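Both complexes below contain chain A, partnered by chain B and then by chain C.
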Partner chain A sequence: MKKIAAVVLIIINAMLLPGCWDMREINDLGMVMAVGIDKDVAANLYIVTVQIAKPASGDGDKKSEHIWVVSAEGKTIFDAVRNLALLSSKRIMWAHNNLIIIGESVARDSIIPVIDYFTHNPEVRMETFVVAAKGDAKQYLSSTSGLEEIPGLGFRDMYRYEFLTGKSVQSNVLRVARRYFSDDRQIAIAAIDFEKGVIKPGAEHPESEAKMIKLAGAAVFNDDKLVGWLTPEQTRGLAWLRNEAKAAVVTVRAPGNENRSVSVETHNVKAKIETEVHEGIPAVTIILSGDAHIDEEDSATNLSMEEFKEIIDQLVEAEIAAEIKLTLDKVQKEYKSDVLDFGRTIHAQHKEEWNKIRDQWPALFPKVPVKIVVNIEIRSSTTLQQPMKDLKRGIGQ
Partner chain B sequence: MIWRSGELSHRILLYDRWNLLVEKQGNSAENAPKGMDSQLENLRSLSCHAQEVAQDMESIVYSLQNSQSVFLGIEQNENFVKNKIGEGFDVKYHRFVIEALDNRQALIIYIEGIVDVKAIGELLLSPLMQRNKMPQAVGAAEKPGIISMLSSAGISIATVKESQNWTETCDAIMEGNCVLFVDQCDTALLLSVRQQEGRAVEEPATESEARGPRDGFTEKIQTNTALIRSRIKDHGLRFEEFKIGERTKTLVVLAYIERLVSKSILNEVRTRLNRIKVDGILGSSYIEELIEDSPYSIFPQIDHTERPDKASAAILEGRIVLMVDTTPFALIIPTVFWNFLQSAGDYYERYFIGTFLRWIRFIALFTSASVSSFYIMTTSFHQEMIPTKLALQIAAGRADVPFPAVLEVLLMEILFEIIREAGLRLPKAIGQSVTFVGSIIIGQAAVQADLVGPALIIVVAVAAICNFAIPSYSLANAVRLIRFPLLLVTAAFGIFGYLVGLTAMVLHLLSLRSFGESFWTPLIPFEKSGMKDVFMRAPMWRMLTRPGLSHSEDNASRQARGQKPEPPDNG
Partner chain C sequence: MMNVKVSRTMYFIMIINILWDKAIGATASVTARAIGPDTWISMSFGFGAGAFIILIVAYLGSKFPEKTIIKYSEELWGKLLSKIVGIILAVFFIVAYGVCANVLILHAKEYFLVETPFVLLCLIFTLLCMYAVYLGIEVIARYAFFGAVSILLMTMLMAMGSNDEFHLNYLLPLMDRGFWPDIAASVYSFGDIALAVLAAGFLYPMLDSSKKSLSLSFWAMIAGGVAVIIWPVIETGVLGGDMMQRYVFCCMEQARATELSRFFPRFELIMIVLFNAGCVVQSSIMFYCAKLAIREVTGIKKDVYVIISLAVILTGVTYFIGVDNNNYSGFLAYPWAQACAALSIGLPFLLLVTALARGKLKSKKLLCPPKNQSGC
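And then the complex of A and B:
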């Protein structure tokens, strides 16, 4: 009997004494949907801006704001985040954060504090997307997204379908941190910008109020500092090499008609980088192979399907090679940042030679000769054999 | 006596006081009190003795009465029975004269309502009272042989027993026999004319199945044994009888097939039944509580059924079915955990759906036990586990709720249990309106009044519905209870408490035994042939052996191999 009483007492005490120790109700949390980090370089202060979701119950509340945006300053990011608590009635929780926006000021200064804070915070998921903003990160957080009530969530979904164009790069906390910690590759982060001229119905000056975030190419870093931007077109060259352009659309001039175009959609494109090192001088060959389907053709030709495919095939290969060349010129010659993973490939393929050239690699990289081989096979056409216009003409007769 | 001795000791006390006073005053009155003192002392010891003697005498008389045999004289016999079982309005004493035996006096005693009065009149009284119906041999019989002569030639009732023992005779009257005494004979004749009004065989209320027999056990054990007899015609089918309960003398029957049953388990059941010494057995649950292995466990260890087909299936598997008179629920021994999640319907539907439903029940069992704790764990401790949009919706629903989530859950769970209990015993018409008020009005209104979040109503409702999906009512009840400790431990420690709670529950279940056998057979200890009826319901042509633990070892094979139906070979 005494034994049972003792056990019951222990259980009751064990349950009551900790007092629901780390319990926090879900409605007492301010769930961060997106965070932006800027730096006041002159005052050496970090400005952290968070977009917090305001849970609103369904009906009747449609007009109220769904987000609350607030900023705080601090000497470090952590300091600034703690200062947010001075302004927030709810406890700030990072676990549902979708997006980290690095302001241009921070990117130009150094992104080390950002990587440091967000990899050490246990609440932050390693697959949180990281983007670099043109201008201040702060302004992007209060802008709206077209389809979603919470812009942070909307942006996450936008990012998820990025592979449809291949005009951006995949960057999340884990990828950025891993790239930062290796000496044979550099960081490229997706860039965001404002899209102008989107009409917002109901607003007084629809055109002027329209402000929407769009993915706008990539930001190229050298070590921890931003060295330059890539346009969406230039970014696709990067995406080809990183196997991130999964269903990219390539448009070429129609054969026989300068004003018309043909679009093909690529599939299963695989980039293979082959490297060789001759007496300390590396050379790189990029071999790109894959399939494509003709999706849209706009002009009438006299050619048979086979001939047509042949010509389109050559044009598409040339177009992709040109895109890659464009990116190479920018990244290799101008920014001199190895975001293309050449160094890493050499490291993997020729380990001993790499150890010899490792130290001179930043200097060697801009001079590496690159050969581009593109091998795309047009499998079939998803359109009718003849363009719509011809078809209509034929029926009309 | 007790009252008197109490008074006596009181007086002695008073006297002692008075004595003290006297001693203080002087020695003048010394002689007289001293004599009284010793006398009183004697009286006290005498009264104590008298009490003991009276008790002894009572017990001697009782044992004498019980061992006494039936008297010769009919008056004596009548008085004895009247003294023993009383003269209740339903106890009938009927004196008459047997003409064939020189107008000898006779007496029948029976209890109205549990005997067939018509049978007494037609088959007993009429042949005895009419000379011409009585064979000549009876009249000519010698005195000691009269009774046996009557039983063999005079009375046309099939089940007849002679007895000289009073205990047996009185028990027989209580059980619905008619007892015949004949003057100058020291033997009573026990005539079985038992007839008791009972419920007709109806569809079982708690275990109805879509496709399967519609009959169910009733309160009358003879009906129940007949229902099993009609299904199993094996010569080895045995109904072993026990009388349990000092005062109710309830008939308890063990049903099994002799060549299939495991002898060790059968002996264990017998031992445990013989151990029972209680006043009364009013239901099979009394027996269940008195013979189960772990009485402190919240989980049931013996399955019960109202279905004769389920009971028969258990007997065919080599298990023992324990039936109790006056209750329609039979116990199945031994039971393993999986039995609680099997239902008779599994075997009446095709095996695909049987298997599917079994998995649905596993899910329902787990969900019912833990969904409310899981809700607490995720919303109060580990919000990162919830998908973002769901988290925002739950937060929006809870935005104005003033209570912590645990209190909210406890409130609703208890409220639900109250509604369930309230609706249970009410007349059907009112019961429905209680359910309506409970579910719609309270649920809806509580959400609208921001007392609870809408997500929580779903959680509580899911837990309740899942509870109803557990086929065994007793397991469902255990799960109903286990939710609360799990909830509290989760509320105190988060995911740690949740997992420890679940683990403790599983460990406890693993530690259980059913009549000495592991409760989790055939999974633990693993036995491949038994697995065909645990996570799946194998097709009939694959059920070649009986489940492992229950049957006797030399009779494992249930049916011949190669019975899988195939189209005729035309090739």
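And then the complex of A and C:
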């Protein structure tokens, strides 16, 4: 009896356990490297464009294309994605997607479908980068990225090193969704645009041929709709406040020479936002502190290193404060969108008061007085013991 | 008389396994829907209370050595009432099995095996647990070691991979919704606490009597609670309370947001591999306790008849509880959590009061470990 039961169990398991229901062979999959979402608002149709990696032999055939770009339309994003099957010989797979590009048409209409589809879809990683395109997303997917054969990978790596400038914002599916679902924060997404005139070696008219994608500031949203763009300079003000400018270069005029500049690289910059609420009126103080290193001096000076550092220190602090002010003027006064996390901070620091002003926050936010305090300490003049001195003309003596 | 014996460590590890798997995702999501970012605080209250409730069960177990909760309820309340208790516990463990089994089955169905028929997943998982129950509690207890190691590994890896996206600020303000709402929402944690408390009514008598200790159950509950609470803390810091509440299993969304490095960008499969051991242990213990309850109520001697019949019932129950994930999550929020709270608090408390009133606690000495061992 036991032997019969064992044989029956083995047969049943052999039939049920191989897991063929969900078998997907790798050569049947079309791996999406990047996706763009646009909308034909008049027809109320979503246009999904995917950049799919083409399997190729490793024989170094440079002439063959490494990607296949294809578009399909649908009443929803999912419908459009499924319609891609009408054109694709392989099943679309999202697990390796690197970038989601939101077209301006979708951004101005509503990004809820984008957030919902990509947080819903278990194949998509929450760390997938999200950018907002100036114009249609479709056009960016067929452009090149320079160093990489597959542009999607190039975009991803470009984005990965964005922190070196601080002139964009870190937006991925998780961060965008987290902000959307929250009632005390608004969304800012990295913006992309085309860079003209990139030199392409060997081309007869290099400037006219090469067209590359560049990070171009940020897109600011109010709830689910795009309300405006920030320039890279304005975006850096936002990055200071959100602790995303990790190794930014700040350039100030050289002491005693208006036409020359000094560049410093900042490190460990932390923004602390302190809030207070008096009789329902909130006020914000931004305290930014960190250190920096002088990395380039374009002119000679007769100052000692200590004097030089002190002057540069003050100029850098003033420059960073000005950048933050520039951003505040734009997002607080013009776009009226709390991408600065003031609401979140008031909520965390004064929950009782926040519960009273929560409903009026959209109206209160543009009027909130903001005080900016910047404390940057210049720690070194990288590798140099003295500032540049023009000994030939005796300036430094 | 219980013939099977388990060691103190086995018992300790089993309690942690029973508490963990469902709590980190399903319970955290249900609690987040009620209380948002205070989920971890509310669950801490729940597990703190649970530690004292399991202490009552352990105390009663010490006073009625070698007897299960059904057996000593017979001694306290008589045969008829003990039969009713047995039936209630059998039904509880059958439904508890369905709830626990669906944690792994729904993870597999929604994230990996989307085209595999749901009923097949229910059947295969139940067959696996049936085999575990057939082999006995000692085998399940030994397998629980793999579960405990997996829990430790998974929690460490998840914490490491979430470092970049973790914001302490998202945990603030503490008690955002207030103290009493947090206490009220702790009822959802009883969906997990009740599993351990009532399973302890069957597992505690299996402890080698020379090694019994009240504090063992208490500290097992505290350790299990800490292992659980780490997850909602990190989930709130990464996903935020508002996002946690959207999902049936926020732990899996946490896994989607976890990136161990550029070279290991996906954590989901690692999570499921490490998750399954604990889930099998948890479900198998529910199956095992259901079997014991049915045997004690019906008096059936042959284990195999009970196990096979139960396997059929449990496959069906698992299917109906989990076939619609929204109904599953809704069921956890109401009435499952409330029923669990009522049963896990009410039954031990009533038994204790009866035992006190009838002087049953005076006559028997609490069994303490030898002098060279800690406990009592």
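By our rule, the second predicted complex is superposed on the first by the 362 of 397 C-alpha atoms of A that agree within 3 Å, B and C clash if a C-alpha of one lies under 4 Å from a C-alpha of the other, contacts with A are read in each partner's own complex, and residues count from 1 in each chain.
Rule of thumb we're sticking to: contacts are C-beta pairs under 8 Å (C-beta built on N, C-alpha and C of every residue); 3 or more make two chains touch, one makes a residue touch a chain.
Treat the numbers as computed from the prediction; the structure is a model and nothing was measured.
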{"item": "Overlay on chain A: chain C relative to chain B, clash or fit", "value": "fit"}
{"item": "Where the C-alpha centre of chain A sits as vertex, the angle toward chain B and chain C in the overlay (nearest 10 degrees)", "value": "50"}
{"item": "First, second, both or neither for A:95, with chain B first and chain C second", "value": "both"}
{"item": "Partner chain in contact with A:306 - chain B first, chain C second, else both or neither", "value": "neither"}
{"item": "Partner chain(s) touched by A:27 [first = chain B, second = chain C, both, neither]", "value": "first"}
{"item": "Contacts of A:258 with chain B and chain C, given as first, second, both or neither", "value": "neither"}
{"item": "Chain B versus chain C as contact partner of A:153, first or second or both or neither", "value": "first"}
{"item": "Which superposed partner A:53 touches (first chain B, second chain C, both, neither)", "value": "first"}
{"item": "First, second, both or neither for A:279, with chain B first and chain C second", "value": "neither"}
{"item": "Lowest inter-chain C-alpha distance for chain C and chain B in the superposed arrangement, angstrom", "value": "6"}
{"item": "Residues of chain A at both interfaces, chain B in one complex, chain C in the other", "value": "16, 21-22, 95, 125"}
{"item": "Chain A partner contacts - residues on chain B that touch it in the complex", "value": "379-381, 383-384, 386, 388-389, 391-399, 401, 404-406, 488-489, 491-494"}
{"item": "Partner chain C, residues of chain A touching it in the complex", "value": "9, 13, 16-17, 19, 21-22, 95, 119, 122, 124-127, 174-175, 177-178, 181-183, 344-345, 347-349, 351"}
{"item": "Interface residues, chain C side, partner chain A - complex", "value": "110-117, 120, 123-124, 127, 165, 169, 172-173, 176, 238-240, 242-243, 246, 252-253, 256-257, 259, 265-266, 268"}
{"item": "Chain B partner contacts - residues on chain A that touch it in the complex", "value": "14-16, 18, 20-27, 29, 31, 33, 53, 55-58, 93, 95-96, 98, 123, 125, 150, 153"}
